[in-house]
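Below is a structure I'd like to ask you about.
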């Protein structure tokens, strides 16, 4: 076991951090000023400028791990493994739109991975190429308002074959990214065969957002935030017709595809969350040092020392487990890492929310308003405890692994695995 | 002020009778009925009228009409200004009784205002009633009591930790017959309302006096030149408009010398008047929010299935429901007891009880709402349930009127004073009001 | 039994008067004085006498004499058996009044016994009083009421989760005129005392009856052949001797047919009688422990320095003190309210309130004691403070009388039943007693 | 970064685990039966037999890291670094006396490290040799009942030079291991010069326990446990005279020595604690699977799934941070690892206590009694939150590191360290 980053990772950490310090942090205000000027659902030009710059420095598509089977000169990432990319994701996560600068933002990352692995040549040419070039953005339409989507077999949108086309009908929500004017295509999950075996009913299909019948009903606020220009949409799919070739991989293979996409996405979210927690801890500490109450710096009120100490401890533990999960994905695959991924999916947002809540408290009225970005980060990370399956589902999965050891093998040796 | 033991941990018998008094029951029932029969339909109409208004800082045409009509009805039925003690006898509703009523008022966002019992006007009216000059009463108290104008209380400042009220730095200097005020305030709740005409403003007039005698309170009409309302403060992305929590700069604002309340350096003294009751009312309203969240949690848990079982049987949800119910009942008793303590011991003596509930209630209500959000999945953070909105407003309460930490200091120090007999720091109480 | 709404979350006015009744005050004052003047010095002497005894399961010479002397004094002063309702009128101390008194009794480990009000005798006497035959009363109730013998309640079994009382598996079979009992019980509290003569034993007599009619309760004299006391159960290393929590095997134990209480299959019915009051008393005593812990925490925090400051100003301790105080006051009101609910609604209807406090109090008191341990450093876990001992006994309460989880199920399901109207599972209440 | 153990570590893990499964677990009952028979303060013979066996298999003194400066053929450990040893410590910690089988138990480990590093040749010959051979045991007399010993400058025991001797006077408690009949020597911390600079007043000195004036006043219970035969003693040092040569390193160097010993000891305790937590989680899971309540296995009451899931998550995070701290001690030294050591010192016992508390709850009445070892483990790990400085002190230290970044350098770049 070795807790030092490899020289390659260190090099990337330095480059990404330097880029953040030199170009991203100093432009946060620019971004906000431009955004205020051009309207909620437009993209501040600074973002595209920064993307060009990052691309020119080779800090681009860092998220896409090497894949001998599917990599081609045209379609390949920067060659970083999940474990190598994870700390970079944290660094980017310190600014809400930081990941996008490096073309590493959700849900594009997941969609690119899916297309890279399972897309046909035509699908790649049409969608993967511009996505990897950062020319367009994309969405993933999975969750539905009318069913408990944490149990994905509940998904009800229908995808029905009709000649050379599929006809799609259904209602989706929490379709993130749909608000962005650059968002051109969505991957839609739905049922092609309701009579098939439980895990073979679903398929995934590519739907250009300008297809007739795709109706954006409205943008959903998260707490008071619209998360513009990204946005979370409620989308009606009303007799949407797309060519049959838009189906990914084949009918009934929706689950298979979904399982592949979840692992890396969760790692990325967790690492970004850790980055956000680092920012909150920094802001909290600076704030506590800078303010006096009842005759001494608030930092010296001892309850705050305890909170700072706990914050740092929780943060370090969570980061390590996330890095381990990333590393396991590289070495034993998504499936072998599934418990660890479930663990960080629960642990990272909880940790960050606790730190953010304390940071809000330390900032007084400034904490809940927009001045320090804390309330907004809280709202956005709170959503992570619900997205991709609520905590309860993941804890249940971990518990079942725990039980399985003894249920299936009552003679399971005492802690053979304890120190593995 | 020598500190007296607030009877915490002691068996002061009077504090254990938490029944509503018989006298108050007719009012309580009347208020309940009025909300159901008048306020609720009015609120529905009011909301419908406001649906597509373009300026969030205004009222849509017709909105104020329906509101005024309901206010007139309340006035006609005698449901008006009941928060205020009788001007002659000094007697008013007991805090305990008001607490029961506040729980009802909390059930509709316009209930308090319809009966002219809404913050921050209530505190301002109380202050004017008790310490205002005849002229000040004529000019400001009268229209406030009549529900013709609204008001704000300008205390909190962005640059300093306002939980230690000694830090207030907006300065007022006498220049001839005028006070000249310079400074910056934020979270001035209610100042966004077009009907808000007057602000009671906390300022530093006497920087050389002892720490607790430096502050004064001054009446500042909101249209005075130099009062610049910059923006509303968002709370988790919401402006809470048109009420608003405004960010205001005082730029050489001139008001007549007579606009000072009570006298120079007496700002803290006035603050004592306004702190207790308001906090309790907020806490009672918070309980209403917690009840609502629990109700939503149970209904959702029973109506939705995953993995072949009701959600309520998954994820430890039943225990979460139980813990929520236990917290709610415990909080209810504590709030009522604090209200009773104010009645029996007086606001000053009851302050430790008040701090206890202030530190206890919003934090725990946030937790209950958060659990309710969780069982709703993504719906929980959206506008399809009131939960996200409720969360943000309860979360803000943990900072308003003194952050939790300050109230824990008050309670903790009361505990240590049992052994030392020391006095309390009076600055530890006066803070910004919502 | 159709379920009736237990008024949780509702405004049942009677539940909000938590004052001690006037009638009870003289008794309350008398008990308080008696503890101070008689029990405390007796306990000091009792403890000194027992200091070096070699057999922990015995009393040292003289110990019982001083105890009996104090008991005689209590009897002479009329402070005797006041837990018991009047045999003729059926009236006794209100639960609410008893709750206040229990808080006093909790202040000395021998106070309850000195006034013949200690568990598990109280529950056993109540049961005998209500359902015993004339003969059973003559043989067992009389000496118990006179304080001549002690008793135990044998319910919990090691092999099964006794929180679901349907699981009880010790069997009793009729063989001629005798019940023949076979099985294993543990945590039989009080059975270690040499004065313990009788056990009320929960057995399965009717395995073919419906689930709730299989159990019966039978009187088993502790000296009956086949009753084998194996050992005491340690609780965090302590035997709590000579009272003890015994592990007992019933090996072909024969008792006469007449020893059954009430009748075959009526074990659950009897259990309903004994559950409510006992739980409340435990909770009141727990509060006493929490107060003690808080007191020790504050005194330690103020009397000890590190890094140049009082401990109370380090480590967030002042906030911990505040949180402890808030919890204690909230718990106090909840326990009193549950007691009042028993008075107003009856034990069965009040069961949700009882479960609320049972799930709330020991868990939170453990937390408070743990904080007190922490501020004491290593002293906190040693015998130099009572804290470690208090912790273990409060921790055990989270399992006794039904683990927290079962009580949360009771409360959670009451919440869901508001919407479904379903009935409650009566098995969810009857559990082992300490 | 690499989360796999090295082949060497894996080999040791296998060997230690195999030894535990083959010899230690099966003899837990033997140990207890023997202990019940021979009396509280005697050592069950099985322990010495197991020690012989472990020694013969080369599983001996695993804790003592290689030290080029001080290692000699006579005095050296098994050659494992802190990071290599840490997982072994966890495996041993699954049984309360497991570490001793491998001559790796506290406080001997710390004492051996001190003697190995700072002892004179004579001190080594007299004490280190038999300690490393497992022939005797030892104690460390530091904490005093009358002062807040978490601030070690408060220590008051006096060590006064008188001719060729030192005379020691003071009162110590929580002197662990003194109950053991094999315990022959103690290292005592005390003041040689109360007038020196604050951190140069203290010295450490070797005191044979049979020296006249060493009075064991009594053994302290932890909750109800006497922890026999190890035991925690209150010891009066009443004009205790030892040769001047017994002083370690030199006058006024007590702090210097103390700082060296704390790091590894804390890691070991934390890893043992993690082992105990694993045992508790296993017992809890097995118990929940084996019992029915209200018509279904308790394991399926969903609150238990949540607790199991959280337990596994917390356990994994804590283990990783502990391993990282161990690794940092090897690479950057005790001082560079001080924050991480403080973090695990707080995190590990808290995590284990939560799991133990849940496990107790799952076992009902059996949980608080002696049947499953849970109450006992709780009591013993609860003590760890107080020993070696209470949580509050460590959290404070972490908080101060956090503040230092910004206090001393207001221009500290935003999270340059975030992903290090």
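Letters are used for the chains, namely A, B, C and D, taken in the order the chains are written, and counting of residues starts over at 1 for each.
One rule holds for everything that comes next: a contact is a pair of C-beta atoms (placed from the backbone, for glycine too) under 8 Å apart; a residue touches a chain by one contact, two chains touch by 3 or more.
Just so we're clear, the structure is a prediction, and the values are computed from it rather than from any experiment.
K.L.:
Does C-D or B-D have the larger number of C-beta pairs in contact?
P.N.:
C-D
K.L.:
Let me check something: if the centre of a chain is the mean of its CA atoms, which chain is farthest from chain D?
P.N.:
That would be chain B.
K.L.:
Can you give the whole-Å distance between the Cα centres of chain C and chain D?
P.N.:
Here chain C and chain D have centroids separated by 39 Å.
K.L.:
Could you grab the centroid distance between chain B and chain C? Build each centroid from C-alpha atoms only and quote it in angstrom.
P.N.:
For chain B versus chain C, the centre distance works out to 43 Å.
K.L.:
Chain B to chain D: how many Å between their CA centres?
P.N.:
One centre to the other, that is 53 Å.
K.L.:
Residue numbers in chain C touching 2 or more other chains?
P.N.:
Within chain C, residues 314-319, 405, 408-409 contact more than one other chain.
K.L.:
Among the residues of chain A, pick out those that touch two or more other chains and give their numbers.
P.N.:
302-307, 392, 395-396
K.L.:
Mapping chain-to-chain touches, which pattern fits: line, ring, star, complete or other?
P.N.:
complete
K.L.:
Which residues of chain D touch chain C in the complex?
P.N.:
143, 145, 148-151, 154, 173-174, 220-226, 291-294, 298, 301, 303, 360-361, 364-370, 375-376, 378-379, 382-383, 385-387, 390-393, 395-396
K.L.:
Mind listing the chain B positions that touch chain A in their complex?
P.N.:
Residues 156, 158, 160-164, 167, 186-187, 233-238, 245, 304-307, 311, 314-317, 373-374, 377-383, 388-389, 391-392, 395-396, 398-400, 403-406, 408-409, 425, 427-428, 432 of chain B touch chain A in their complex.
K.L.:
In their complex, what parts of chain D are in touch with chain A?
P.N.:
Per the touch definition, chain D meets chain A at residues 1-6, 9, 13, 17, 20-21, 25, 83, 87-88, 90-91, 94, 275, 278-279, 281-282, 285-286, 288-289, 299, 302, 304-313, 316-318, 320-321, 323-324, 327-328, 331, 339-340, 342-343, 346-347, 392, 394-403, 405-407, 413-416, 418-420.
K.L.:
Sort out for me which residues of chain A touch chain C in the complex.
P.N.:
Residues 302-307 of chain A touch chain C in their complex.
K.L.:
Mind pulling up the chain C residues that touch chain B in the complex?
P.N.:
Counting only chain C, the residues touching chain B are 8-9, 11, 13, 16-20, 100, 291, 294, 298-299, 301-302, 312, 318-319, 321-323, 325-326, 328-331, 333-334, 336-337, 356, 359-360, 405, 407-416, 418-420.
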